[in-house]
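The block underneath contains the structure these notes are about, expressed in structure tokens.
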Amino acid sequence: MLAQPDTPAANASRDAVIDIDPGASCLEIQGLSLAYAGTPALSDLTLRVPRHRVTAFIGPSGCGKSTLLRALNRLHDLNETVSRRGAIRLEGQEIHAPEVAVAELRRRVGMVFQTPNPFPMSIYENVAFGLRLQGGLRKRQRDEVVEWALRSAALWDEVKERLGASAWSLSGGQQQRLVIARTLAVKPEVLLLDEPASALDPISTLKIEELIRSLKSQLTLVLVTHNMQQAARVSDYTAFLHGGELVEYAPTDALFTNPRLVRTENYITGRMA
Amino acid sequence: MDITSDTHSQHISKQFNQELEELKTHLMAMGGLVEKQVQDAVTALLDGDSRLAERVRDNDDAVNDMQLKIDDECTRVLARRQPAASDLRLVLAVIRATSDLERIGDEASKIARNAMSLAEAGNGSKGFIEVRHISEHVRKMVRDALTAFARFDIDLALEVVHEDEAVDSEYTTAMRSLMTFMMEDPRSISSVLSVMWILRALERIGDHANNLAEYVVYLVKGLDIRHIDPDELDEEAIKRRG
Amino acid sequence: MRRLRGEGPWAWLAAGSVALSLLLLVALLALLAGRGLAHFWPGELVQIELDDGSRFAARPGREERSAEGVERLYHTGNREWLGTPWRWIEVARIVEQRRPAELVIVERRRWGDFIGRVAGLEEDGVALDIDDEAARWTTLDERLGRLAQLREARDALRQQAVMPRVRALAAEQDVASRARLEDELAAANAEVLALQARMARDRVVLESVTGERLALPLEEVLALQRPNAMSLPAKLGAWGERAWRFLSEGPRAANTAGGVWPAIFGTVLLVLLMSLLVAPFGVLAAIYLNEIAHQGRLTRLVRISVRNLAGVPSIVYGVFGLGVFVYGIGGSLDEWFFSEQLPSPTFGTGGLLWASLTLALLTLPVVIVATEEGLARIPDHQREGALALGATRLETLRRVVVPMALPAMLTGMILAVARAAGEVAPLMLVGVAKLAPQVALDGEFPFLHLERKFMHLGYHIFDVGFHSGDVEAALPLVYATALLLVMVILVLNLTAIFLRHHLKARHGALPR
């Protein structure tokens, strides 16, 4: 860590943001500012998210971490009061470019929410939902993808006997894994997870975390959590956001043993600011 | 980032503050006891006071007990608080420091045992000058390392690291002169050997004090300098970092 | 009780109000059930001799206390001789009261009930010589049975042989076929006439306690009972039979007798049509308001207005329906499509369609409000979950939001049905009829006759209760009909509730 390049920086926080090699990065956020009805939520964020790694966004409530996550999926499109500046590039392609269809973007960038939100249909239909939207698959192929997705989400063995049962009959943890399977079924490149385990019990949480780690080989994961131990457990890189700004962005090992900035230190060790 | 000695009292959880504070207090108490053991052992040797030497030997149990107790507290903090960053480093540094302090205690009782045998033999005070000299040096190192720990004082800690080199060279010189004694007077071989053991113990104490100082650097800066040659240590870089 | 202890006066007050409300509700239902169901019970008949020597047979009814003493109401029947089937008698004037087992009460197609004795049987105008009382009853039952069979055969013949040919004739152009059809029709009609002639064979000779005689064709007899000779199970059977006839037959004697089947049918059909009309409009409006419209000041204003519409008096909707649907749209429809029938209106007068449209309008706010509440309860992350999979807003609505809001929509329908089934006032303006023997659904093309007037239980209550000449006969019918109306609404609601429960059970409760 001593070998870190000693760049003289005017901004102290600039020093605490690790520079991911552009070739290894999947998402690139540049100068992103976002405001709800004039109230700024993110200001001038610049970072790269490494491909096939788990990157965690941590920070206190209202720090903008969820806002950032939703921006990556263009979920803010629905809200007319949101104004945005700056660029978000997925594999080098600006996601707000006119030629990018939002449905296609959301297929490439899946999202899992805090509360498990299976649809009011059977387990099978939940997983097949995205496939049916795209269409063009025969029943056999669809069955295969559903099984693959459920296996990838480590849920297959628990539900293979009752694929026709209502998704709401599953436990909270199973529901969340079902939602992940549903997202995986459309083969996304990036999976955004917004507090995916905050509504779950510790065992279900561990299963989700295990799943996150195992999915790393297939896709890039971005995790928002207010549970610092969780970020420390599952992520490879951690970004600490505060007040809509990126404070520190570093490999998780470094950030949790030896953060560079007092604000980060205070947050992750539970000190008063 | 740099931490200071009061960093650990700013947690939202007052209980956590208190637990970390107790860790530090207990470590300092153990350090004080160990330092006194070293001093008493050397005094017993120089004064030929075998009763004092005996007391030093017996007190070693108290040192061991303290180590167990502090380690226990550290385990509890790790299990219940899952400390991160500077808190984590503090707990790790304390665990390591207790182990070194316990070794220093062991060395002190080793000195005391040798002092007892020398006092019984009742002959000679050859090499005592060297012992006095080195012991003073080593005791200062232990004291400084503990002070650096207590104050999170990186300058003082680095001083201790450099001090150790001086002690090592003094030790080599002293050994050489004791060899000369043995060659000159073969009858004094057994007593000189005891003194050599004592010098060896003092040198080990210096090494442990050096370790303590290195933990302070880890604690404050998050850098592990244990296996870096002191001469190659870029002190400026260490101090600037944060 | 234990739970209430120590809760203070407020808990007792709250519990008391609940108890009082329940008590009133139970009292209401008990009154309706008691009075309504008692109407069908074959109460015993008495033969009475008064202090002036006159005699009569009757069924006793309620009593009233007046200045002269206790008076009792008797249902005497025999309107053709007595002028009125009801008679108030001072109890003190009764000299003798007997309950002869042979007294009969005959429900007739015309002239109301007869109360008296069976004096004999006639076949083709010739008296049958049967002395034995028991044998006479057996014969009577047997002849009634024969008549029922003949009637069934005749009705079947009409349905299967006569009506199809009448319809075919109306459509057939070819002369040869027409001639053949006409021949067949004539043959069928002759068969019907022959059956009817056979039905007219038997007559029963009735005699009142004062000696007047009457030979009544058995065909005219709807029911014949000897209540004083009946055992309890027989009475129960007779009660069930009368209740069933009340449900399944049309009204007679200016709605004061007979059944209410057309009214039940009209009510249910009206409510179902109303539901069919209001459901899509209400649901679509709610979806627009909650899911699609920009949530600004205008949307809020619209929402408040819709909620306030629920409070508009129903008669106002009736006036609107009359003005817009009946005269406006209905009048235009008549001019465009049914001009050959003018000046007699087809759609330009009140009818089933306009009534259901008016009721749909009336219940629209209820459906919108309930559906909107259901939609608002669906957490946003459900919608976002679908959007995040690349679904469009329409797909999200159709595949996720609407299925989840279905129970709420059904709740809206339940409320709408409950309100619509009980409405009478607006219907009086847009198509309900005092008597409409033809129900709006039959085997005749186009099967559902939206322009027809219809009967309605609520209006039937109003009509029977307040516009009937025979108040004493009408009163029990009012109770029975009211009970029926409550039951119909209950059944409609239970159906919707069952449906909603089924939907909820399919996917479990809404995850919170």
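Which chain is which? They are A, B and C, in the order written, and residues in each are numbered from 1.
Just so it is clear, a contact is a pair of C-beta atoms (placed from the backbone, for glycine too) under 8 Å apart; a residue touches a chain by one contact, two chains touch by 3 or more.
As the structure is a prediction and not an experimental result, all values here were calculated from the model.
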Inquiry  = Hopping along touching chains only, can you work out the least number of steps from subunit B to subunit C?
reply    = 2
Remark   = Relative to subunit C, largest Cα-centroid distance belongs to chain B
Task = Could you say which chain's mean Cα position falls nearest to the mean Cα position of the entire protein shown?
result = A
Task = Determine which of the two chain pairs, A-C or A-B, is joined by the larger number of C-beta pairs in contact.
result = A-C
Message = Please tell me the distance, in whole Å, between the geometric centres of subunit B and subunit C computed from their C-alpha atoms.
response = 103
Chain centre separation (subunit A, subunit C; CA means) in Å = 63
Request  = Could you give the separation in Å between the centres of subunit A and subunit B, each centre being the mean of its C-alpha atoms?
outcome  = 49
Subunit B-facing residues of subunit A, complex = 1-2, 228-229, 232, 256-262, 264-266, 268-272
Footprint of subunit A on subunit B - complex, ascending = 1, 3, 7, 10-13, 16, 82-89, 222-223, 234, 237, 241-242
Remark   = Counting only contacts in the complex, subunit A reaches subunit C at residues 73, 75, 78, 80, 103-104, 106-107, 110-111, 113-121, 129-130, 133-134, 166-169, 175, 179, 182-183, 186
Inquiry  = If we count contacts the way the header does, which residues on subunit C are in touch with subunit A in the complex?
reply    = 294, 379, 381-382, 384-392, 395, 399-400, 403-404, 506-509, 511
